[in-house]
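Note that subunit A is present in both complexes that follow, paired respectively with subunit B and with subunit C.
Up next is the complex of A and B:
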């Protein structure tokens, strides 16, 4: 008897989202196994953020299905998807501006994964742990308005991590950071992944994809163009074409 | 001098009612971005509950306040969940229309049940007070002020120290981020409106003690709640407390001007509002955002 393949943690089947006549995400299929770390790349407008919005329930699908540990989560309210253990960050950070860094993260800990529910005291204790993990411990009691942009990105990740997700969706957390800050952020993503969290991240910085991802999925015009090991995928002709245009890709090849 | 002290005392005592009326209104406005024109109707429902319990069961009116709060919380939660939630992301004008309509419906239901007769709640200690020489501190407004401060402190505690309170703060700060950390927006909205209504109910109970009520008696309080919240500054309970006490003081001092009466008092109170809006648009205690 052959071994039954383990159910993937996250499974996308023909996921499609249209805005007017434009299919921003068009029949996307892929699977993410528990404990994996997968990068989604693609040119601007490829549908990367839309895809994350579909997974976290902000957008309703026009067709297709999204399964979480074998059960469909398509059409579920965003807070219920978060309660299942799918956390996320936003490309443009959305901190709770009226609060301190610590309170922001504590709210993540107070809500988030339903089976990880905790009281006020434990939530603030967990917030302190997570702030240390992302390197914001010294600034815990500062209001959000006093934080720098890289710190706000850390806070965004910290709040998502504090929800104790099993899957973390990261939307361009490295964008706008300098090289040193990217290295720190990479370290942060690695340490979060090391705690057993599956990570699905959107990134433009290829160094990040090659540096942390085991697998990369390339989106172009809402479709999956290529999928595989990052080094292999990035050498794929179709991928170079999608990024640089056909003519430049040919020149690159002939030179 | 004694006269001045007496006016300050009376002003602060009068402010208690405005604090109670203002805190719930400010909460709903600050968190849900709804200027709740049905606030006055909710206030007066609280008044009728106190009157009914006082008349039928001879309960002390101040002991009926928790009943007002619980009953109005339930009503407010249901109203938000069933009706107001439909326009939660709509432009401000829609919220005006809907809450104005709700106000009419609620007032007319009260007219059907209680008629338009004046109802008053007069416990044995009404009209009495402490006397220190020429200064008098009447019991009812004193206990009312205490109840209003207690109500505000309870609300502030709930908002800053409890799970649902932090959820309410989070949705006020960023709705999208709040739902993606797992906060049920519809429930949190409904609790917010329920708390606003509960505060209105307590305010109504206090109002029934200082004036005779009719189903339409709540309407001026919607306007006064609006002024109090602007005066103090939107977004914090403590700011509304300051706004309410300031409004009470201004009103009492304005009424004390010989030949003034309530007409002048209103003109001065609203003149002050305009002055605050021009010089400190964030309110006396507000922070610029």
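Up next is the complex of A and C:
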């Protein structure tokens, strides 16, 4: 798959979202090419999650435009954006508590992009396929309450993957996981990306950004501070000042 | 301690068979009142009074089961569903009394008008969540009844006003039996709709909305359309029961088709039986209706409550009912149907677990 396409798959132009007087996202511009895997980093309150909420239609923009394959999706309802092929996860997982893991994933398959071509049987078959991909097959029939935290994060990703997205927005799926679990989750993200899905992920764990992302976008106070290859961006003076602190900078230089 | 899967299945089968036998008896016993049965010396198992009670139970089964679609499956606590009952009753009533339509032609319009009204008010109302929706829907429930009674045109009440609507009697042999079976058919239909829903795309979408509306929307569920569909479906079934009631009762006014108490009763029936399930609301309707009538002293099987004069009886009945429902909500949050599924039994451990679940 090619990293650069003629028209970008996703294009943000001057995206601005205010809460009261505070601009949580302030004139953000960037593009994501089809098949790319891009990381968004930035300190707490930088506007990362707000930006994801803007793309997935949960927030209405105050100004600017978001284009999907050349056409504006600003102001569209979340379900229509999902049906276009943009899937997402939530940082604080939002499982359907009364359902089994399999049913949770089937919701994505039943309602996601091109869902009308999928009957109940096909949707559950797709759910089983996705559960296998994320490594939850053995726990398919367990209720959500029986799942561990890492498994709930997998479920969150599985549900979004089952919508058959062309672009997947991941909001800190690694947060709260230990090192072994992060490696497993990384493997999961890689295998989803390998199926041809563009990935845009928010992450605090630098290992993840350096490990899987081809490009990183640094947000600070709602603005894009730096953009480029992860290793280069993480060495950028402004980024280090704004976010990483000197200790990390020293470690980075010595390594 | 923990019952084995095999014994659970056996228990579930026993409850299913017992339920089927009860339903079969309830549906077949009235046939013994037919002239043909009487002349063949079949013992009379159900008389007119019995039809009255059984038809009312079937009516509440429809209302509780329909409420479950919006309140139980979708998770939007509608407190004004009696509006749909009244709208259904007045639709059929007006068509028969004023437009002289035959009953069987006027009846299908009751669910249609009720559903259309629900879709109309649902669009703004279902944007509200939690308590706000509950209060707003209660307001609609009260307002519709008042409007229907008080709308005048050229000095004449449009819908019969305070004196209500009088319908001509529907001429058919064994009228009581006819309306009992018609209402039972509506009850069966509402249960069948619920059963189908819980296996369909619609049902999965609604449960997703109940469990987490935001997650449902980003997974592609058109939450507005689904909520309005659930509200309209609940309204259609409730309206159907109202339509049947109007011709059965031959008199329709604000008091008998818009009673606020129905709002409460249908919700309590669904809670008592088990919300979100297929048979829970119906089970709750049977139990609670019989209990209300028993406490009120209107059942043939009755006895004097100790220390209670007959004047105070209705009040004491309300108090007992209220206490019972508090206990049920706290200790049996998933409804009595939970005990019939075969997985759980009523035990002290169960009550303690429930208390933990329902308290902060």
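Things to note:
Just so we're on the same page, the second predicted complex is superposed on the first by the 235 of 255 C-alpha atoms of A that agree within 3 Å, B and C clash if a C-alpha of one lies under 4 Å from a C-alpha of the other, contacts with A are read in each partner's own complex, and residues count from 1 in each chain.
As a convention for this text, a residue touches a chain if its C-beta (ideal position, glycine included) is under 8 Å from a C-beta of that chain, and two chains touch if they have at least 3 such contacts.
All values reported here derive from a predicted model rather than from experimental measurement.
With subunit A as the common reference for superposition, the partners subunit B and subunit C occupy clashing space.
In the superposition on chain A, A:71 makes contact with neither subunit B nor subunit C. Once the two complexes are laid over each other on the shared chain, residue contacts for A:22 go to neither subunit B nor subunit C.
Of the two partner chains, subunit B and subunit C are each touched by A:159. Judged by the touch definition given at the top, the superposed model places A:149 against neither subunit B nor subunit C. After overlaying the two complexes on the shared chain, residue contacts for A:88 are found with subunit B and with subunit C alike. Contact with neither subunit B nor subunit C is seen for A:232 once the two complexes are overlaid on the shared chain. In the superposed model, A:79 lies in contact with both subunit B and subunit C. Annotation: subunit A residues 56, 58, 77-79, 82-83, 87-88, 90, 94-99, 103, 106-108, 110-113, 120, 159-160, 163 touch subunit B in one complex and subunit C in the other. Partner subunit A is touched in their complex by these residues of subunit B: 161-163, 166-167, 169-170, 172-174, 176-185, 235. Contact residues of subunit C toward subunit A in the complex are 199-201, 204-205, 207-208, 210-212, 214-224, 276. Subunit A makes touch with subunit C in their complex at residues 56-58, 77-79, 81-83, 87-88, 90, 94-99, 103, 106-108, 110-113, 115, 120, 159-160, 163.
Residues 56, 58, 77-80, 82-83, 87-88, 90, 94-99, 103, 106-108, 110-114, 120, 159-160, 163 of subunit A are the ones that touch subunit B when the two sit in their complex.
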